[in-house]
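Lettered A, B, C and D in written order, each chain numbered from 1.
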Amino acid sequence: MCRWLAYSGTPVLLETILYRPEHSLIDQSLHSKMGVETTNGDGFGVGWYGPGTDTPAVVREIGPAWSNRNLREIAGHVRSPLFFAHIRASTGTAVQQTNSHPFRHGRWMWMHNGAITDFHLIRRDLALAVDPELFPDIEGSTDSETMFFLALTLGLEEDPPGAVARMAGLVERTGHSHGVEFPLQMTIAVTDGERLWAFRYSSQGTSRSLFYSTQVETLRSLHPDMEFLREVSDETRLIVSEPLGDLPGAWNRVPESTYGVVQPGVDEIVHFAPQAA
Amino acid sequence: MCRWLAYSGTPVLLETILYRPEHSLIDQSLHSKMGVETTNGDGFGVGWYGPGTDTPAVVREIGPAWSNRNLREIAGHVRSPLFFAHIRASTGTAVQQTNSHPFRHGRWMWMHNGAITDFHLIRRDLALAVDPELFPDIEGSTDSETMFFLALTLGLEEDPPGAVARMAGLVERTGHSHGVEFPLQMTIAVTDGERLWAFRYSSQGTSRSLFYSTQVETLRSLHPDMEFLREVSDETRLIVSEPLGDLPGAWNRVPESTYGVVQPGVDEIVHFAPQAA
Amino acid sequence: MCRWLAYSGTPVLLETILYRPEHSLIDQSLHSKMGVETTNGDGFGVGWYGPGTDTPAVVREIGPAWSNRNLREIAGHVRSPLFFAHIRASTGTAVQQTNSHPFRHGRWMWMHNGAITDFHLIRRDLALAVDPELFPDIEGSTDSETMFFLALTLGLEEDPPGAVARMAGLVERTGHSHGVEFPLQMTIAVTDGERLWAFRYSSQGTSRSLFYSTQVETLRSLHPDMEFLREVSDETRLIVSEPLGDLPGAWNRVPESTYGVVQPGVDEIVHFAPQAA
Amino acid sequence: MCRWLAYSGTPVLLETILYRPEHSLIDQSLHSKMGVETTNGDGFGVGWYGPGTDTPAVVREIGPAWSNRNLREIAGHVRSPLFFAHIRASTGTAVQQTNSHPFRHGRWMWMHNGAITDFHLIRRDLALAVDPELFPDIEGSTDSETMFFLALTLGLEEDPPGAVARMAGLVERTGHSHGVEFPLQMTIAVTDGERLWAFRYSSQGTSRSLFYSTQVETLRSLHPDMEFLREVSDETRLIVSEPLGDLPGAWNRVPESTYGVVQPGVDEIVHFAPQAA
């Protein structure tokens, strides 16, 4: 299990979000409150979009985030309007760079918290379902990366919610056919650099925690003296595995079996259900 | 703060002690119960004596012990009658191999849990007190390594308890002269490959926890069905930062301001007090 | 491309073979003379059999061997009658522990120098040919690991030369069907802890270099004053990507399209040709 | 011994300089032509100034630059008007992050190629000469970092050329007093984020190679069709351990015993000689 964070809005130094909050993602790497594991020290990653290229930069490492000096350097000097950060708690899979999130394909980024139950039983069947053109690009051994490649295979670049629904459907069918009762547990963030989708779903209906931040406009009226809120645009939004602090009114639980879209204009929360591929 | 373990006795596979106990040192790296920090993921080390050489092998790494496959491989294939293991929780000092314990000099090994208070204030004074012949061998930046080099300077190889007492005295005097009220907090293990000394002391009299295992003979009568106890000699002894499990009668607290000696014949526990150098 | 070394014979400290020779494997990691690349700094591994277990210890890392202190420690303290060592020069595949050699399955070890040409084109087809029971154990992304899993699938544990021949046949057929003219380039070492097989083959007939050491008895008469030769048994044998020094008469080229067996009794060199699976 | 590169001028993506040239620093990490060692694989670092902060970001690692994916990501997404890059070939000192260059103090960066001869003999004397206020910030064990701290002690922030001259004088005097004939070998780059100084000096008068790029204006007239030259300002300048390619007229040897200043207005090359402190 893992913890993640997705930011979209006014360009900020990454450290503003990654290090400064009281219960920041870095703090969660040592002391997660809502995770299955309190420690998330088996690798981390950060991916950001910057000016002059559509493709995000993705920096991934194998040690804990809390002691990594390079992450601190990058976070203190890179500014971005849209970035992902992820801290990993391995459930046995190798701790290696290619198993750290986020994963990237072209201008798309993907990160995941959760697991495919008994992944070893169905890893091969799922791998076979990956588009043969994409298959050779699989570099790691996680369920999360396989899910990304399945979503890409099933149309992620054209229809993200549909592709994720078809991926989830495929995982569930494949799991069921191997006798796995509840095959899927996931919170997922995916982006193309412009819009950001976040999914919360599990076969059993007991999904890992996921929260989104309240509209900045509303937060400003609740907390008129918070400087940070005056500096960011109305469209700034955070989606996180667990709240970054205790600010009253700031955090809202993403409902079970839904996904949200952060986009220019009005954000949305929509029902999510796995689909046939 | 850190956790450590010292074993002396019948040669065993390292994993017997490092991995198999319910609350093993590896478990403590994720879930320490008595440490200042619950997570000890900032490097680790293991040092062992084997046949055919006086000098111990010392393997040190920078990541967490819990996910390190090479440690598991070594522990599953190396057998030793005397070994140290240490897991580190940095309090800010760089996470690097030369800051991981145990430290070695010739056939001597040293490891430490605790801290010199406000070490940055007195680091230079302590460094100057190191024998100029030894000074160039300092490779890291920890208080623990400096303490080892001071003890070597002050006669560790001839009189370990005296040298550690003089080192502690020097640290306290230097700290006091810089206005530090309680300069020293330490549990230390040191060995020459034959005898093993363990120290528990702090300026404030609130030292980090330290335990030694009950005599095997006594344990056998308490737990006649424990296979492991039948396989090891009467002289087998463990000293640990915290107990490796809940076996009734197995663990005894090392008293404040004492040191113990594990050696052929009768082990000893003796009062410890810092001395003038 | 890579360099490797396999030792079988009188138990020795690993460093005797890994570090002491003039042109040792460690020296080859910086200055290979016969390799496609002069530098082999993209990870390394060592695997050894010891007393008390059938399964070898396998320690693998991601940095260069030449600067790795832990390898030096292990090599200076571990003694083994049968061990493999490998230094890697990646041709683009991720530098990660699971891509370092040797690979292990139960008591079997495998290491490889060479490449499957255009591996990305046929990686999926080869992966599908792996026994579904074994598939989930694939952890890395190299051609070398896939070759090992194919050989296991095709009977390695019962008939090593036959399984390797069938693996080579499968790789060649699959490559040809994708328009690859010369699909395979390999020198391979494989062992079950008792016998050791070494293969030299390439589709084009221009295989990477491979050498075996002259019989100890013969070497002794050539070099009566070499201490090392007096200490090892007549059955001691080394197989290496390139000679460890210039000792006259010591090294013999393994012929193209052959494999050798190091075993109790008489060693053999036999013609090798890929087979239908 | 090492290789380094310093860039000052029109903001560019780091990869433009670090990866794209034919004989880039990354290529030099595997195949240095003019270095004492052909391989520089014992760590690397990059430090850059960006908008919104005086302090440079410094990312340092312990493995080879050539295979490091994070360096490639950063170089492909970070743009800077002034940056340093360094690849290290250790001469025995530990391969650890705190021994990688560049070193930073406030807004100053420092990197070095060369060595203090018999550093272990005089390391303590030099350490004692470091300002006691600065001493606790020494984190590594290299001669290069000690030289930086000595220069800071001797006035680097007020008078860089004078401070480096006094540092060199101190190193030479200390070396001579320990019987070292030629104590110093150095090429050094230092910057405060606005100006950039580069020094070439050795006690023996046989300094490591150092080159500066020809004025852009001149280069443009020599190579009117080179796109890169049309995109950068007249004041753009590179200083490098060895040329990044074979462009005729592009590279000029920094003379023995001189230093250069890259600054707004006219750059300078001035005679350099060690001074009394």
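Note that contacts are C-beta pairs under 8 Å (C-beta built on N, C-alpha and C of every residue); 3 or more make two chains touch, one makes a residue touch a chain.
Not measured: the values here are computed from a predicted model.
Visitor: So if I superpose chain A on chain D by CA, what angle comes out, to the nearest 5°?
Guide: 180
Visitor: Count the touching C-beta pairs: is C-D or B-D ahead?
Guide: More contacting C-beta pairs are found at B-D.
Visitor: Same or different: do the copies chain A and chain B touch each other through matching residue numbers, with over half of them shared?
Guide: same
Visitor: How many angstrom lie between the CA centroids of chain B and chain D, rounded to a whole number?
Guide: The answer is 41 Å.
Visitor: For chain C, write out the residues touching at least two other chains, lowest number first.
Guide: Each of 69, 94, 97 in chain C touches at least two other chains.
Visitor: Would you identify the shape of the chain contact graph, picking one of line, ring, star, complete or other?
Guide: The chain contacts form a complete graph, every chain touching every other.
Visitor: So in the complex, which bits of chain D are touching chain C?
Guide: The contact residues of chain D facing chain C are 30, 38-39, 41-42, 62-64, 67, 69, 90, 94-95.
Visitor: Which part of chain D faces chain B closely enough to touch in the complex?
Guide: So the residues of chain D in touch with chain B come to 94, 96-98, 119-121, 123-124, 127-128, 132, 135-136, 138-141.
Visitor: Which residues of chain A touch chain D once you look at their complex with the stated criterion?
Guide: For chain A paired with chain D, touching residues are 13, 48, 50, 52-53, 56-61, 69-70, 73-74, 76-79, 97.
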